[in-house]
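Labels A, B, C and D are assigned to the chains in the order they are written; within every chain, residues are numbered from 1.
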Amino acid sequence: MILRFAVLGAGRIGQVHARAIASVPGAELVAIAEPNEDAAKAARAAFGCEIRTIDDCAVADDIDAVVICTPTNTHADLIEQFVRAKKKVFCEKPIDLDLDRVRQALDVVNAEGGTLMVGFQRRFDPDFMALKAVIDEGKIGEVEMVTLTSRDPGPPPYEYIKVSGGIFRDMTIHDFDVARWLLGEEIITVQAAASVLTDPEIGELGDYDSVNVILTTASGKQCTITNTRRATYGYDQRIEVHGSKGSVSAENHREANIEIATAEGYLRPPLLNFFMSRYVAAYANEIAAFAKAVADATPPPTTGEDGLKALELATAALASVKTGKAIHLE
Amino acid sequence: MILRFAVLGAGRIGQVHARAIASVPGAELVAIAEPNEDAAKAARAAFGCEIRTIDDCAVADDIDAVVICTPTNTHADLIEQFVRAKKKVFCEKPIDLDLDRVRQALDVVNAEGGTLMVGFQRRFDPDFMALKAVIDEGKIGEVEMVTLTSRDPGPPPYEYIKVSGGIFRDMTIHDFDVARWLLGEEIITVQAAASVLTDPEIGELGDYDSVNVILTTASGKQCTITNTRRATYGYDQRIEVHGSKGSVSAENHREANIEIATAEGYLRPPLLNFFMSRYVAAYANEIAAFAKAVADATPPPTTGEDGLKALELATAALASVKTGKAIHLE
Amino acid sequence: MILRFAVLGAGRIGQVHARAIASVPGAELVAIAEPNEDAAKAARAAFGCEIRTIDDCAVADDIDAVVICTPTNTHADLIEQFVRAKKKVFCEKPIDLDLDRVRQALDVVNAEGGTLMVGFQRRFDPDFMALKAVIDEGKIGEVEMVTLTSRDPGPPPYEYIKVSGGIFRDMTIHDFDVARWLLGEEIITVQAAASVLTDPEIGELGDYDSVNVILTTASGKQCTITNTRRATYGYDQRIEVHGSKGSVSAENHREANIEIATAEGYLRPPLLNFFMSRYVAAYANEIAAFAKAVADATPPPTTGEDGLKALELATAALASVKTGKAIHLE
Amino acid sequence: MILRFAVLGAGRIGQVHARAIASVPGAELVAIAEPNEDAAKAARAAFGCEIRTIDDCAVADDIDAVVICTPTNTHADLIEQFVRAKKKVFCEKPIDLDLDRVRQALDVVNAEGGTLMVGFQRRFDPDFMALKAVIDEGKIGEVEMVTLTSRDPGPPPYEYIKVSGGIFRDMTIHDFDVARWLLGEEIITVQAAASVLTDPEIGELGDYDSVNVILTTASGKQCTITNTRRATYGYDQRIEVHGSKGSVSAENHREANIEIATAEGYLRPPLLNFFMSRYVAAYANEIAAFAKAVADATPPPTTGEDGLKALELATAALASVKTGKAIHLE
């Protein structure tokens, strides 16, 4: 069975998903919906697919599933529209910046018996999957401490920051999801610190660029998350999990696996500089997992509920920064 | 311009090339020629291409180029047939086990003004290309010593060994080509040692499984090559180049970039276990380079002459083992 | 000039310092004071020094300096006694578990114009010194984030835990000092989480075995500290400092710098398993720095004030765990 | 029992051994013999020992053992003198540049029932010992291939090169000994290549600066040795042993175990730059092993015979370069 896709939005992340669909056997890209005419033409040229309106996609017989890559403030509406149209829905994170709006959308998904997968591609990275398998095989015993380091090479544009919901909801949200995935237990307490260190303009927009978070579960397992919006050496993405019998860690990806030795020392190349090159395999695996879940009629591996939980943690982290208190989730 | 390909032979390496062609924009797989009916059907299913005879491919108007992946003893004949049929020819190494037959085939290519590229995929590996770029940029100064380590996870089947021409012509030939590429100067002396250490049956077939070679150029640059037919930890492929200002090395590729720490120590996964997974990108880059050379009407980056030179070195290495002497090439 | 030492207390850490003194040119071990007769005899045999009482050491003309390695609850009294006796004083951390008692002792040191160095040996580890030099040379720009990972192979005996003052004052105190050293700015906020994950008995003693701490300075620089009392793979001691122009990190020390490759993968030995083997060079450097400060009549590199500040941070961390609030220091 | 030493010669290597003796419990430095008055004074100041003549050392009652660190052309005479004087003898490599003179000296040692240890310190390096233990425990199965990489940061002075006996007898001799130690089987064939690449003056002195050697044992095990007299990145000392079940390798030692990440990439410091800093522990272990062999009345771990065998390999390597033939040893 081939799952026939429409991608809504041909921006950066829309192109990533279109490319992923093209590389996955069992998935086919039928159409892209993109209001910007130049972007639409470029997408048609690049992917050899049709250009349709969103509404056309919703009623099309030759489309089984959509990937929602439009601006965040449209996600919840589109989820509701396409679930009602009986399409399988894959939505980029976050579902919405507002927790109540997210819950409302999930209610519609449930009422319609729809399928919603939320895009947390890191769970599908081959190295992170190998790390998770090591944990699941019991090789490090009981998980006790998770350490997540995520550093972006540079900040997004100010225009994006303004509507992003802030660093916790835009960037750390991926780490919150990874934390839940690896801790294997719901988080009950959030402590966070946040600063503006790389660019005062980010502070003037009401956001932060440098944050640390401690998460604790009911049984006392802990996770720390370190995020910054600037790393001169590339896109820094590391995981370390410490358990009762040992630890497991995943290494960064470099531009090339070479090393140059000179009088200055031993130099390895910087890291891959962009989430799109770093997570190529993850995006393809993610679409393949969605297609497989649809084919098998099983729940997708990352659900709307996962999207809601990660957003709750982001909201709590911000509250912790504002109040100086550990925030307890029920 | 799209280069339309036929692949001759749907064995292991034929499938590698078919897959590479499918992944390269600017290349299209039209047909596969494969006498074994089951293999032919499998290839058609996998690659969605036609099955034709070799002779049909030679005269087809919708085929611009062939990739020769048939048994070695047919390579020279097919090169001549397809060059005369005005097809662009990509041939897996070696052109032939016999130096004179190789020279004869190259004469035909030259007489016909044909295009022949020989498959030395390592030159197209992204890491090795990055290593070569470091040398070309002068970062390690003048090249003085090249160290090549190539270890196969296990030996090929006895049936293959019998017709392979021996380890120097079958396995080391890749290293001979890499040595020439990196030394940047023709080799004039070959010294070699060879043993049977992994399986006495290999010795009874007249071959070796463990060899070391020293190559020297006119100006005194040296290269050592270490080959074995058994490595429990995977497919070991390393290059180190030492120069007047420093060194550059390329690392192996692992199954996953993770590390597990326990009371036993710090464990990283074994290496990718097969040339087909290790060199996926190299095979795609190689076909892309061939397509580009055809499009640009430039000589291909690895020529029939390169194939001949590597075979001369392999022949000299065997002579060195047999005579206990350094063999001088003119 | 040779600085003539008495070591007070011949327990584990007393022996470390006795050995350090023996290895430092410019330092000489004259006497050890140790009430336990067997321990005293062993020390005399090992170090070839005299055994004296503490009071004898205080009045001896042939002793210039003492290293206080007695139980924590005697530190403050001994500091006062020896400072008044005009001896140069080196005291193991902590000065006392009670902040007021520490301040009182420091007042005596100041009133007497005495010299007091507190034992934070990590500042004298060659790798950590090299890391600090990289920061001081500006190679990573402005320091923004410090990440400290300290994991003990196993917990100390219950008897020790009872009188240790808890994990923050016993173990994390070293990290608090390193944080202050590397941030280059006083810390104003402490957030901490603490759990019992390795042994419930530790919880019954009122202590924790797994903690995470976030420290923030006035300008918004942050530091995270991760501590656990169990690491199967050895004594885990890592530092990473992230700055505006780059990062610098210090690696762990292994039992041997070898790697074994088999079908299981690539295995490096576990870490050195004990602070005494890991920090051999640091302890020697520390005593040398103390001797040099005395010879040069300069303040020692780690002062009583440093001891006080680290204890304040430990006290704040515990308060943060108890109250669930970020604790602000003035 | 304390072994009382005299060191003959207070040059660079003499000082290394004097320092090693001082650091070894069970060894005591009584005297140094050094004709150069300034050097003698410096040694007395540094090591607090007496200065005596060689002949005085030979007859002294308070000296049990000598370490011969004088110029090579005096080694054989001094071995004979001190063995006859019933002193235990430790001699720096080589015993002599002439094979017959070496055999003559060994005959005297045997006739006198003397103890002679030859200085091949690499066998006592902690990492190389750990590597050897891995082999001895059978973890990599049967040894098949040994790869030795030894690169000096720079060449010795011309004056030294003139009397050194050439690179094979001066530098490679250490690798020949390590090869014999790790192969566990005598070598029967030597093939070598040699060039002058770093400094033409070295060639004018009749020596080489860049060599590769292949050694083969009777059962077909092989070893390659790579030597150069210039490495901008420090003193490069690596061992890799490949066996039927896996491989084991020993890593280089750096100036510090840190890594700096910037836009240029990830930089680790260069290697320790000198054999004296690289092999500090090896020199101490070597003297300790000598003292232990004397105390236990067992043969020393590296005998005069080992010195002879390594020199035979060096001589054969030179012959291979000169004749272009594989040299067979009986």
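Simple rule for what comes next: contacts are C-beta pairs under 8 Å (C-beta built on N, C-alpha and C of every residue); 3 or more make two chains touch, one makes a residue touch a chain.
Just so it is clear, the model here is predicted, and its values are computed rather than measured.
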Check B-D, C-D or A-D against A-C and flag the pair whose interface repeats it, over half of the contact pairs matching by residue number.
-> B-D
Of B-D and B-C, the pair joined by more C-beta contact pairs is B-D
Could you state the distance in Å from the CA-based centre of chain B to that of chain C?
-> 57
Averaged-CA centre spacing for the pair chain D and chain B, given as whole angstrom | 41
Residues of chain B that touch at least two other chains are 232-233, 245-247, 261-263, 269
Using the touch rule from the top, collect the residues of chain D that touch chain C in their complex.
-> 126-127, 130-131, 134, 139-140, 245-253, 255-263, 269
In the complex, go through chain D and note every residue touching chain A.
-> 232-233, 254, 261-270
For the chain A and chain C complex, residues of the former touching the latter = 142, 144-145, 147, 149, 151, 189, 191-193, 195-198, 210, 212, 214, 216, 220-222, 224, 226, 228, 230-233, 242, 244-247, 324-326, 328
